[in-house]
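I am attaching a structure below and will ask some questions about it afterwards.
By letter and in written order, the chains are A, B, C and D; residue numbering begins at 1 in each of them.
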């Protein structure tokens, strides 16, 4: 994976990226360009904001509150979001419920990359906002925004189910302000912010930098000595 | 009571959505099937006549194409709201008035969603799979159309003499789509899901078909229109009650109620016992070659045969529903999807519009198996109230009032009262069965694959064969579908 | 374990305890350590560990057949592998410590303790965990691989001299929260 | 060499084992366990669990935080039974420190932790039915009762799940009388609710088919792996610390420890948890009657809380089994070493044995039945 090559990260991004084929409807709209966007946006936004299907993703304590919110007392189904999809391909939103560790990070990134556009992220719980109570642990990622782009931050340890409903409503508001064309063209592929190596739990850029440095060192050992001095 | 209010809301929602579905289908059929040909009759050319004929011929398929998406949208909502009631929740109630448009929003969203073909997938097969899965539900529904619309002239073209045979043939095609999708996805969960689906469909098709064959045997025809017509005349004539095995009883009771009913004039002279005797005793005695003195024996045999026949048909219906649930992958037979085992089974890798098609077809299939049950077992478009009870309740008067009110619409051919009533009854029956399926979904856990196979091959298939044989014998002694 | 705590500070133990005596009868030498809260604690040489465990587990009167936990401790001048033994049938308890002096550990290598995983399945994951976090190598283990951290993790986090990795995922220097 | 007539078909008819990677994100792995299954058709031949996707360094935190700070953290070790994790550490620290715990505090501890046992088993029941494929319907009912208990927890501890209620030396807060009467009302109606669950589940033919005779845990194997909790009691090993190594006020309370007389299968593990819920309910009732007046903490709850030097191990019977805590203290304001003995970690290690030669659908039935909480495994 590491060839000491600056394009490494981009190559990996390409590898993770799926083949994208546009639906005929989208092709048509694309052909119409930005002209149609003002007309399509309200329809698309109304539909998208009202049917946000979450991915069944939960790592720890917050996942239990995420389950509670689907249950009788809090009932997320009122907002049309009770359709928890087990596969990222059919989900619109990922609620990162629980601490993300260095070991889990690559899996989360893969899941995020596998979700079809438009996709949204709610960082649920203190751990995914900043690392929370575990934020100085050696194995914890300090907030999911270090690896994937986040739309809504929801603090709390764990947040109450009402908090999740609030976050969902805020997300719906956010979706309603979007422009279809902008979502589609300007930020069409939302890639992960940073990729993490599965075996070492370290950011890929670091590993690539290290590999480059080592190659450079192998070519020019004097440089290393100079740096040491 | 909170739940009562929720159930009322669900009822209102159902009525409103039925109006929308019917309105849309009715309008489409009226415009294409009647208005355009009527307008074209003023031009006296061959081309105009051809166009008019084409329009009329296209009406059935158009009605199905309009009906399926809207209906599936409603069924999803119906299921979600129904499940919410079972689980002490409210269900979707924010989009549109009281959440009526929730699934419409879902559908539009899926339409606008990115469509992904995974790396390593067989793109052609991957795209073909949802189509193969969905297409049979369109043409499979065709022969049913004529049956559920009371053989309306526009839909006669869709009828086939081998209707049920065709429907069954069509209903076994979707599994190819599932296997295709599972294989093409380049995902192991999908593959396992697809293979499970194939195994399941093969095993459960047999009891399904055998139970329907039992009905066909009783009816003596494969034509769904004929089968529906034979059952007309109230609940006692339906196939679920032995398909005319209780007809004698029906007639005898109607004698008690009124001996002046016009349809029963030839029987008006005979007494209650005589009717029973002529319908049950004599044919049985004839079949057995019993003499005049052995009426008691003949009576016992006839009664036994009637009970046997009705019992067998109930079992056949149970077998049919079990097999149908397995065919359309619903809980407790949702192994190809098996969310807690195989993530999402064969459709794990599908997103956007392709997934929407899978979703659509799944619910359409549920609707189709429910309508097959309604036509084959529950009398199709027949009113469940027997004629004698209907008369006692003032049925004819009500009918005439409605007819009067609809006269202007009937004159412009917008409404055909028999078709209207037939479709209303069919939709009620179908949705009762759908409601039952939703109830099951809210109750049962999932089978395991080997238990599923055991259950299919070791229980259902022998049972369906036994039922078949029983019906063959019982039918000999009971005068089924007399005079039709 | 009794509710009343042991007297503090722990007085020096007098003679061998029940299990120490039992092991001595079977020819295994042990050293008695101060009781930890009323529970007999012995130190044993790594070479005799497996034999001792087999004896303690199999004997009908002692029957310490429940391996509660294996902990690794980075003490001041030793690496300890601590075994908590209970019994499913009686109330016997024992803590066994195997100590490896830090001066005995070869530079750049891990302290070595024999593995129990071959004859006691409960030890399997506990040993992997201790290897992962404290860095004690259990020789003879069938699958000694990191269990909690990623496979190519650097260092052993529960060592006193562990330097925390600082990078873009986690740049808070250790101790900033306190 | 095969001749022309003898065509060797073996390479073409070769069947191969399939590797399936289940998790870390999978609906049935209760979080983030990853299982690498070697399948022969649909039969599992070999399983390799990969843990640590939720390794949050709880033990490391224990060394680096003061006792007072760390008390707040440990509810997250086993988030479904936070009372027990608090209690295990509090007990270990008390044993090392030698401080007295007032009797009222002990009763309160027993009460809240038995409540916690009920919530934990209720959640297990709901998710287990989801694992078995009853996605809608039944799983919602246990959550209804669970919410009632969570409300009570919130009232007394201020949080629905992370209580931080049991502290070293006692408990945090005195309950009000209204709280006690609410709890009493709950205990009165709860047995009826359990009857309700049993009416839906225990007689369900599909449920019985899925669970009876599946995943039989032999007694000897369980003891070899150090399995604890309801799972081993369902296999007939009498290991309930509340009885075998009694602590707190359990000796004064009357309750049954259900014990099986044969090797337990998945169904036994289900039915034993149901019975335990009933027993817990009885314990709460007794505690409510016997609750004495008095102090609630034997140690000052201040930020500079210290534990005397020494080492000790203490354990409590959590809903999943023996939850132990091994503490080495050097007398400073933080621990020298804290080691957790987590029941989930030990119980999970038997999974490869239990799954062997079962179909893939049973993976969920068996994995669910040993009731594993992933942070309790990974810490």
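Note that in this section a residue touches a chain if its C-beta (ideal position, glycine included) is under 8 Å from a C-beta of that chain, and two chains touch if they have at least 3 such contacts.
In this text, all values refer to a predicted model and were calculated from it rather than measured experimentally.
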Smallest count of steps, each to a touching chain, taking chain B to chain C: 2
Of C-D and B-D, whichever chain pair has more C-beta contact pairs: C-D
Maximum centroid distance from chain D, chain identifier (CA atoms): B
Interchain centroid distance [CA atoms averaged], chain C/chain D, Å: 24
Inter-chain centre distance, chain B versus chain D - centres from mean C-alpha coordinates, in Å: 48
Interchain centroid distance [CA atoms averaged], chain A/chain C, Å: 41
Distance between chain centroids, defined by C-alpha means - chain A, chain D (Å): 31
Multi-partner residues of chain C (each touching 2 or more other chains): 148-150, 157, 174-175
Residues of chain A engaged with two or more neighbouring chains: 72, 86, 103, 136-140
Shared-contact residues (touching 2 or more other chains) in chain D: 26-27, 52, 55, 57, 60, 64, 140, 144
Pairwise touch network: line, ring, star, complete, or other: other
Residue numbers on chain A that touch chain B, as the complex places them: 18-23, 25-26, 43-44, 46-48, 50-51, 72, 75, 77-80, 82-83, 85-87, 89-90, 92, 114, 116-118
In the complex with chain A, residue positions of chain C that touch it: 148-154, 157, 162, 164-165, 167-177
Contact set on chain C toward chain D in their complex: 1, 3, 5-6, 8-10, 36-37, 39, 65-69, 71, 73-74, 82, 84, 88, 91, 95, 120-122, 124-126, 129, 133, 146-150, 157-158, 174-175, 178
Chain D to chain A touching residues, read off their complex: 24-27, 31-32, 52-57, 60-61, 64, 72-73, 76, 79-80, 123, 127, 140, 143-144, 147, 160-162, 374-375
Chain B to chain A touching residues, read off their complex: 80, 84, 87-95, 99, 102, 104-109, 111-119, 123, 339, 343-344, 347-353, 355
